[in-house]
Each structure stands twice: as structure tokens, then as C-alpha cells.
Amino acid sequence: MPGSIFGEAFRVTTFGESHGKAVGAVVEGVTSGLPLCEADIQKDLDRRRPGQSDVTSPRKESDTVQILSGVFEGKATGTPVALLIWNSDQQPSAYDPIRDVFRPGHADYTYQKKYGIRDHRGSGRASGRETAARVAAGAIARKMLAQKGIEIRAYTLQVGDIRAARLDYAAIDENPARCPDPEAAARMVELIRQAAAEHDSVGGIVECRASGVPAGLGEPVFDKLDADLAKAMLSLGAVKGIEFGAGFAAATMRGSRHNDPITPTGFASNHAGGILGGISSGADIVFRIVVKPTSSIAKEQRTIDTSGRETTVRAEGRHDPCICPRIVPVVEAMAALVLADHLKRQAATEV
Amino acid sequence: MPGSIFGEAFRVTTFGESHGKAVGAVVEGVTSGLPLCEADIQKDLDRRRPGQSDVTSPRKESDTVQILSGVFEGKATGTPVALLIWNSDQQPSAYDPIRDVFRPGHADYTYQKKYGIRDHRGSGRASGRETAARVAAGAIARKMLAQKGIEIRAYTLQVGDIRAARLDYAAIDENPARCPDPEAAARMVELIRQAAAEHDSVGGIVECRASGVPAGLGEPVFDKLDADLAKAMLSLGAVKGIEFGAGFAAATMRGSRHNDPITPTGFASNHAGGILGGISSGADIVFRIVVKPTSSIAKEQRTIDTSGRETTVRAEGRHDPCICPRIVPVVEAMAALVLADHLKRQAATEV
Amino acid sequence: MPGSIFGEAFRVTTFGESHGKAVGAVVEGVTSGLPLCEADIQKDLDRRRPGQSDVTSPRKESDTVQILSGVFEGKATGTPVALLIWNSDQQPSAYDPIRDVFRPGHADYTYQKKYGIRDHRGSGRASGRETAARVAAGAIARKMLAQKGIEIRAYTLQVGDIRAARLDYAAIDENPARCPDPEAAARMVELIRQAAAEHDSVGGIVECRASGVPAGLGEPVFDKLDADLAKAMLSLGAVKGIEFGAGFAAATMRGSRHNDPITPTGFASNHAGGILGGISSGADIVFRIVVKPTSSIAKEQRTIDTSGRETTVRAEGRHDPCICPRIVPVVEAMAALVLADHLKRQAATEV
Amino acid sequence: MPGSIFGEAFRVTTFGESHGKAVGAVVEGVTSGLPLCEADIQKDLDRRRPGQSDVTSPRKESDTVQILSGVFEGKATGTPVALLIWNSDQQPSAYDPIRDVFRPGHADYTYQKKYGIRDHRGSGRASGRETAARVAAGAIARKMLAQKGIEIRAYTLQVGDIRAARLDYAAIDENPARCPDPEAAARMVELIRQAAAEHDSVGGIVECRASGVPAGLGEPVFDKLDADLAKAMLSLGAVKGIEFGAGFAAATMRGSRHNDPITPTGFASNHAGGILGGISSGADIVFRIVVKPTSSIAKEQRTIDTSGRETTVRAEGRHDPCICPRIVPVVEAMAALVLADHLKRQAATEV
């Protein structure tokens, strides 16, 4: 009932606040015998880590992960794998000015209403830092999926009104925007720098593709594969929407166009985004999420304090002026958690 | 693990196929003492029922609901409320031609891959008819919510490229498109008729607004209110995307614009769609879903049969040329299920 | 969170009150392709049905089950199987005298405290009648398990102080006590008749054995196989205790005696009851439950009414003077639900 | 689906192996505002810790708990509370002799069958050490319950054939047996020493009483309060049975005796153990569990190795010759987790 557990057969519990002692995850359902070590996980964490370029937060976190359990002599034993990442570069005093003020676009106000209390330091549990635990857990899922031939790639498709025009996987990690179109990437980085210079932030769109997913994953009727992917993505604080395949463009399409013809060698198009009736079809799974512009900006904004009085606030902490580049590995992680879960669920279905 | 249960504290189990004996739901968590009778539920079912106009399926279903349990002397007792709707106008033989053929855009192919067997009659469990059970369950949730001052309204915002320009709640049920803008509604109906005449179908966008939702609903971090609403909506077969508040438009917005200023009397705008950090803020919850054009069309389409051979197919059954009008009450029902669930979860959080 | 769902991968939702319209179950996780018809289920229901002998309740219920969904052309499709049993021999007016009185040993008082309202007719949801739905669902589980070579048998081991001295499976259904020792059975029946004649009831012990269970079922650490079996059994209103293998006798045993030696051909004894560390060992699973004497007795008893005033009450309805014979098929059903669930869960573990 | 999560509204995830780096728990549902610090938890851990007397394992573990999250300025924030206990006195090499041998009465064999791999060091996840995490989590639940006036006490009722004759709460923590009867306690300690001297172990019975539990907790029909308590207790590796109130003695009782008369001032007896129809009645909740004699004994025993060949084994590690004294705080912790969970679930029921 509380909300820090995700998945059923492959299941993750996370904990931790931005400026508490640590963030971490307990991962259940890791297949026994899977070779697993900290380096497998660190690799993905390093892609999410702050301070990778001048368009991300300068917070210095090594984000070093420790495996506390569930691995013996280099292999998963089938018992829970606990992952721990200590917070090292906390600067809680940087948040003193917002102790009694609600920042617009943030969870400050809603946490206070929900719990009657909040850890105001760097958004506490609502911080993007919480996603480090997801990336760590997702790295294990990705390793399991890779052994089944399933690969997941996410990338920045759009920043502001600049949209990638081509898809070159090799280019993604070669530019700070994590955009698969190097030319668009350069313009995106420029736009992000400009927003930052104006003490502002900018939104964008991230696309994700999973290939090698066998047909048959997803549970009718509520736990459809797209329903669970949608939940996974909307559980990320900055994500305000998701669309599969043709997505919102389907509103203006005819059925004769949207329906993907089936041929002996597969689907002739992929407007469905690889999911029909909530079950994977074997075609690539394709979805896009919209990432809102970072709420924390250094510009002055109208708000109220905890007593309800009018005031203004400007964010003083260290923030990403565009969330897209750093959310890319998080999106991959969450997609991996969903697919690993449904892969295991399907095994239960079949027996 | 199988997928026919939705919710945690307010929880619904559904069953039934399009051309089986019945569809139904078991609803748990109905607050004891709630006045409840079949008319409360029938009202919502009647809005979903086929055959209400010339732009919906001509299937004749009275969709009469029976309460089998959980109500005693006109009041809910707190035990499960079982709801049963017999299927009366089955025409399974109409589906004989697709017994061995996969219809494009349908779940035929994926169910076969998942289960190795399928009930081909009218899409079986994947049929839109399954949503009658959701509407019945949702009617109970809506009644509970109404007692707390929470109201939910959905409506057709767009069909093809025709978009409503104004929001008049009173107009919604006065036109077959269920559009809050009577003028746009007339053009929508015309467009739907035209698509049908061409043996084709058309997509659209449905918007939903919930008012009176108290601040504090939603469970960080995975069971965010928007995450659960997204899952609820994407669990509807025809829905291919969802966006909250400003939605995909946030991609091109700056943070200084997207952030909703907080004032002593509430939020000065609602780009967040009433949810911050996954928790309701007290502002109206606003989201939009994209509804794909109906997959079942009378136009001939390329496909394969169950042996993998090329063939063509045209849908012979009775179908809606646009799903928007009839999905409106389903969207309201699913939103009600989510809100009733989180209302109860919040009570557990507070104790 | 409400409590009418059992299991995870093989999952059952039940509904219905003793004197409402019907009782029933929705069964998820039925393996697609399983041959299934109403006769498969009716067989088990007939063993639970009242009126089978002079030592059971004379209520006349045909307990005819209808399958409403999830089966197509004689085979399970993988979608939820809804099972419906109409209540036919309701005599609600027989319960008018207890409308405002709490019967000792019953759930009358606690339902009133929990819900502030109750369906007093025949104990409503707390009635043993509710178990008809469990038996129906369990029959499907048993059929699935039988295909894997797993058999479950329960029987009356003890009534009052009369204990079976031998275990002859063939004898169980040949006597009204459902005791595997015909000689003890005769004395048990005599004791039950005597208790009934004295307007009283008598308790007993039921033993259950499952053979053919593969090693490896059960999930450490909380969802141990014995933990889930214990929950299943204690979820039966009349059951007040459970013990596995040597059970309570282990209190006076030494470790050197209780430990079952392992040999190349299996365990040399079975004090563990077939479960080690919460996981099945491949040996027979053996447990015993204690069944309290029926609470409903015709003898006058001290109690209070709903206003808190002292009064007396005697049960007027139709009741079993000993619950053991009729609980036997219910115990088998619940054990089957647990084993089917864990069989599927283990498949998910392995993938 | 994997089994390391317990509870729904108050929910605990545990991790860790006996000779891995650490054991720990993530606790969700802690009421925001609850004053909480490490000392609150340490107190209970110290009661479970090994090495407290000559009748417990001499393993030296400080069992110092760290709170990693969910607490801010001395109060719970409502977000997950992560608890970490480092393993300090590991002696994994002590287990080398059993690397390829299955110890009778242990989970060695079943883990190997389930996972195809096992961490043989001190039973890995199946070790009693895992319960440190439960005690830590339970301490938080107990603090929450204490604020509602609910107190839980467990104690050793019986060791071998020595049974406590009186119940003096003050005596419990004054003797190494944790027995509420000082005279019986002395004989119990003597019996345990004698078993240890003979390289053997001895079983017993622990009783638990919860007072101050309001009427109304427990969810019909599967999540009955006694069903969930039974699951909680049987999830402890050494527990082989449970009984509520009169328990197994009910087999030989008449209904007229077992039924507890209800009076204006409460129940006149407590054969039901405080639970009727699965719902708390307001009377004390009383149950007993049987604790098997410790499986690890220094006596030679017959077994097989991982290749299936006959061999013998004797336990070389550090073990408790009787588990009762140390399981007492674990029983209290598990009971607290169940009650805290149902207290929160009832709040959701009522809203």
C-alpha cells in the first residue's frame, strides 16, 4: 500500500532521501546463478551520475554501489540483492532558505499536505536522486534481459523545439544531450546552456526502444504491458506523459492506416509500438515520454510559505537545467524492471 | 500476478468475455453503510451501453446489472460486492470467418502467442465489452467519492482533427460525440459517419477532470497518483497515450512558465494537472488520453492466418467507428477506481 | 488490502453471503489449455454439500456450479474463470431472533464492531457457506496439480477424544465422519449424534497429506510454504490451530530425534512434515488442524444484545454438530490453492 | 511473488545472509511524525542478540542498527525507514565442512533444490540471523502500537516437558529461559544445559499475548487476523505449529464449553484467543507456537552429500541448544508487524 515497491515477480523496494545517509534498493527475483558483481551495476550508475558535463548538476557524487546480500562467489543465489549507495556530497544547509517555503512545481507543498512534515533538504524522497536506486536495480534486470536477447535503448528525442532527425545508437553516449542525432545534439546543448544562463530550464522528450522482446508478455486486462510501462514512467517525478507507437498522432489517423498489417515475416509497420491488447507482439516496443522543464530554477518565482503567506523563492541548490540527458538511463532501468517482471510472470502463466 | 485485479484498498476483480455467458466484477473495499442499489450502477452502465446512437455499435445489450452480494437492506456491508451482467445479444457465429485469422490492430495474434489458444468470438477477453464490468465497479467508487465532494467528468476533446473549443459540461451528454462543445460535436459526428461510410474508423482524444480531490493523495515513489492513473488508462485497449496538465507541450516550455505559482488562494495556473511529485495538490486533476481509431473495420486488410499464410480480412461484427463517445464513461470509472483507492490508502497512511 | 483475495500467481477472489443471492469465485492463473468443465468442479462441491448424512446440516442446497467465463470449447483460455453458485434454500427469517443478539463463539459481535453493520442472516459472509466458493476454486487447482502428479487427501483424524488408528484412504468417503479408520469412524458418528442430541457440538482434528509435491516450492523468507498453508487453514473460521509433521510433539523432542536423516533414497522419517526452511523437500507434506466445536448450538447461552444488555440465545438455524466431515474437502481445496500458487511462483523463480 | 516482503499497509522488506555483509530491512508505512531514533530499535535487538547467557550461541554480534532513511530531525517522515545491521563476527570457514553436505533438519537440501545453488555459510538466508531484521522492523511497529495502548508480550511457556505454572511478566527478562515462572525457568535452563552437554538440542513452546487490541482488526475472509498471525509465526524457520486460545484442546471440547459467553463487561472466558471470525474481539489475543529443537547439533547424523552419496555430519558452528529464549523477541516483533498492518488496514476500511 505504501508506494516504494515496484513489480511482482521481479520486485524492487527502494529507500532514501537526497540528503539523508544513503539511497538503496532491495531487489527480489534475481535468477539464481546469474553472474553478478558491483561493476555490472556501477556501469549504469555512472551514466546517471551528476557532474558528467556542463549541462548537468555539478553535485559531486561517486555513486559507488555496494552489494550487501544475495550474491555468493560471484553469482546470484536467488535471495534478495540489497544495493547501497552512500550520499557523500550533501549540502543540506544550501536548502535552509526553503525550509519554510514551497517551491513552485515541486513536491514541497504536497508532501507537507500528505505527511504534515517533510524533509526539505533537496526535495528529500521526491528528489531525482532517488532514481539512483532505480538505476542500480534496473542494471540487474538489464543483465537478466540481455541473457534472453532483450536490449533497451533510450535517448533524448527532443529538447525544447529541437528534434532529432535520425537515430544513430552509437552517437547517444557521445554527446551531453544523449541524443542519437549529433547535429541536433549540438543545438540541444546550446539551448540548454542558454536556458541555464537565463536562470531557467527547458523540457523535452525521451524515446525508448526495446528489441528482442518475445511475443506474449503482458497480463490482461489491468496489467497490460503498456499499462505497466506507463506506470513505471509516470512514477518518475519529471515525466508528465507517455505515448506508445504512433501515440497522440493516432487521434488524427484512420483505422486503415493505424492498424499494422501482419505479414509472414512480421508487422509491416509499428503504429502499435509493439504492443497489441496489452501484450507484446514481438515487434520493437517503442514509447516516448515528455519530460517537464526542471522545476528548480534560479529565477525568482511567486509562492507561499508554510504559514500561507505570499513570498517569492529562487532555487539555490545544484540542478540540471534539462532533465532529459540524465533521465535516459533511468528510463532504461524502469523499462527493464517492467520487462523482467513480465518475463517471469509469463513463465508462471505457462506452467 | 495474473492481471484481472485493480487497486489495493479499493480493489476490483473482473471477469468475462465478449461472447461468453456474462461479464462481471467483484468490488472490495466498499465502505460499510454506503447506500447502494442496482439503479446507482445502472445509470453509468446505460451511458456506456452500445446502440445509443447511429455512431455507436448496433449490438443490443440491455447491460442490466445484478448485485449478488455485499449489500443488505440497501446498504453496503463492507464485504465484497459482486456485480453480474449477462451477455444477451451474442452472435458468435459472426466471428467464424476470423477463427483462424489474426485481425490487424487486434489482440488476436498476441493472445494466441501468450496462451496458445484464444476465444476468437468478438475478441473474447480483449473486447471493449470487458469495460462494462469496469463501469459497474466504477459507479460504486463514484458514489463513494461523491459523498466526499469529488466529481469526475470526462468528455471527447478531439475526433480526427476536430477539437472542442469550449467546455460546457451540460452539453456532454446532449450529443452522440459526448463533446462539451456542441458546435464541434456536430462536426465530429459528421466525421465519424463519414469514416463509417468509408468502412473505416477514426481516432480522437478524451479529456478527464476531477474536482474536489483533497491534497495528499498518491504514494511516493512508485504509486504516484499520476502513475496509477496512467496505468488505469493504458489498461484500456484503445488507449495509446496519456498526458497530465500541460502534457507533451511541456517539452517546449521553460520551467519559469511550466511551474504553477502558488498563492494564498491556490495555484495561479495548472500546468501540473493537479499533481506534484505524484501527490494531489488540491487543484483539479486534468489529463488527456489518445484513443486509437477502432481496429475493427470493414475495409479489407492484409494479414496472416494461424498457419502463418498471407491472407486478407475484413471485420464483420458490429463495431463503433469511433471509440471516444463510449470510452468517456469508462475513463470516468477508471479514474474513480484510482481515486477511491488512494483515498483509502491515505487513511491508512495517516493512522 | 480487503481480504477476499487469496494467492498471487494462482489467485482466487471470492464473494457471497450465506443468505444472499449467490456465492462464487473468480479464479485467475488457470493454465490455458487445461480441459475444464462444470462436472470437474461439481464433484468436489458435492463432497462439501450439506445434507449428506444425519450428522450434517439438513440445509438443502444443490450447490450447482456454473462457469461464466474463461473456458472456451472445453478448455481454459488463461483468462479468469468465474464460478457462480446460486443460494437456493435460504431461510433468512429463521435468523430473525438473532438480528439484535450476538451469538457466543460467532463473528456477530466482531463484524458489528468492524463494519458498524452486519448481515445477520446465517452469519452472512462469516458463514461456512462461503467455503463453497473455495471448494469450487480449489477443484480447478486440484485438476492442475493432478496433471503434475500431485495428490492431496484430507480426513478426520479425531473427533472429541476418539482418534483414528489407521489410515485407509479408501475408507474416507465411505463413512459420514470422513475418517480413514472405519472402526473409529463408527464411534465418531456415535459421539456426534450424542452431542447433537444434547443440543451441543463437538470438535476434532483433520489431517491433510499432499504427495508428489516436487522439492523446491515455497518462497523464503515470509512466504514459506508452511506459512502460506497455515494462513490458508487459519482463514477457515472454525480452525484454531495447525501443526506440521511432528507438530506440537516437537516441544518434547531432542534435535537428534526430530531431524529427519537424509538417505540416497529420501528422508528416513518425516518429522518435518515435508517442509524444510519453508521449502518443500519432496517428502509428503503432512499437517493437522484443530477444528473447534460448532459455535451454533441449540443450548441456551449467555450473551448480550446490540444495545449491550444481558440476554440469552440459542441457535435455531440448521447446523452441523461437528464440522470435521464437511471441512475435509475445504481443507483439500485450500491446500490445492497454495500448492498451485507456489508451483507457478517457482516457475517464475526459475526463469 | 518472491517472499521477502511482509504486510500490506505496514510493510517490511528484509534482506541479508548470516555470513554476508549485512542484514537489514526497509519499513514502509511508518506514521509520519512518530518520534524515532536508533535507541528505540536497539533495545529490542539487544534482547535477540546472541551471547546473552550460557544457553545461547556464543557468536559475538553487537547488532548495532543504523537508520539510513525516513527519519528527519528525530521524527519519521512517512517515507521508507531503511535499517542496516552489519555482520561483524562472521566465521564462514567454520562452515567449510558442510559446503557439500546437507545437514538434516536444515534448509540446505531444499535451497539447493529450489535455486540450484546455495550460500552454505551458516545457513545463508535461512539462518536465524535473518530475524534480526524482523526484530528491528518490529521495534518500530511496537512503538506505533504502544502509542495506541497495544502491548505485546511473549515468553517461553515450555521447554521439553517442563511447563511454566504461572505468568509473571516481570520475571521474563530476569532468567535466561525467558520464562514467566522463575521456578520452572531454573529447571528449563538446567534441561537446556544438559541437552547441550549431550551435543543435542531441545524444543519448546512460546506463548504470546497482545492486550489493548481494539475490536475490529482483521479482514474477512482470507486475511483473518489469526490467519495473518499464523503466517507470520510459521514464517519463522523453527516454528512448526500454532494454536489460538484453547487451541488443540478444542478438539475434545463441546461447543457449550468452547463458546465464550458475552457479558456487558466483556467475554467471560477466552477460549477463542481474542479473535472471532478472524476479527479481533477486544479480548486479549493469545496464541502459542511450537519451536522445534535446534537442527544444528554437534552429534553425528546420517545424511547425503551434494552428489547424493551417504555420509555423516555434525554441526561445528555456534548454535543455541534451545531456540525458545531467543525467539521470544522475534515472536513479539512479528506479532507487532501483523497488528500494525491491520490497524492501518482498518483505517482504510472505515473511510
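Here the chain labels run A, B, C and D in written order, and each chain numbers its own residues starting at 1.
The rule is short, and it goes like this: a residue touches a chain if its C-beta (ideal position, glycine included) is under 8 Å from a C-beta of that chain, and two chains touch if they have at least 3 such contacts.
Predicted, not measured: the structure shown is a model, and the values here were computed from it.
Student: Identify the chains in contact with chain A as well as chain D, in label order.
Tutor: B, C
Student: Using only Cα atoms to place each chain's centre, name the chain farthest from chain C.
Tutor: Here the answer is chain A, farthest from chain C.
Student: When the C-alpha atoms of chain A and chain C are each averaged to a single point, how far apart are the two points in Å?
Tutor: Chain centroid spacing, chain A to chain C, equals 46 Å.
Student: List the centre-to-centre spacing of chain A and chain B in whole Å, with centres computed as mean CA coordinates.
Tutor: Roughly 26 Å separates the two chain centres.
Student: Take the average of all CA coordinates in chain B, do the same for chain C, and state the distance between these two points in whole angstrom.
Tutor: That pair's centroid distance is 38 Å.
Student: So which stretches of chain B touch two or more other chains?
Tutor: Within chain B, residues 1-5, 8-9, 14, 29, 32, 78-79, 114-115, 125, 220, 344-345, 348-349 contact more than one other chain.
Student: For chain C, which residues count as touching chain A in their complex?
Tutor: My answer: residues 1, 8-9, 29, 31-32, 78-79, 220, 343-345, 347-351.
Student: Taking the complex as given, what residues does chain C use to touch chain B?
Tutor: These residues of chain C touch chain B: 1-5, 8-9, 11, 13-17, 20-24, 26, 28-29, 32-33, 66-70, 72, 75, 77-82, 84, 114-119, 124-125, 344, 348.
Student: Okay, in this complex, where on chain A does chain B touch?
Tutor: Against chain B, chain A makes touches at 1-6, 8-9, 14, 102, 104-107, 109-111, 113-115, 123, 125-126, 130, 158-161, 195, 200-205, 215-224, 226-235, 237, 240-248, 250-264, 268, 272-273, 275-282, 290-297, 299, 301-304, 308-310, 345-346, 348-349.
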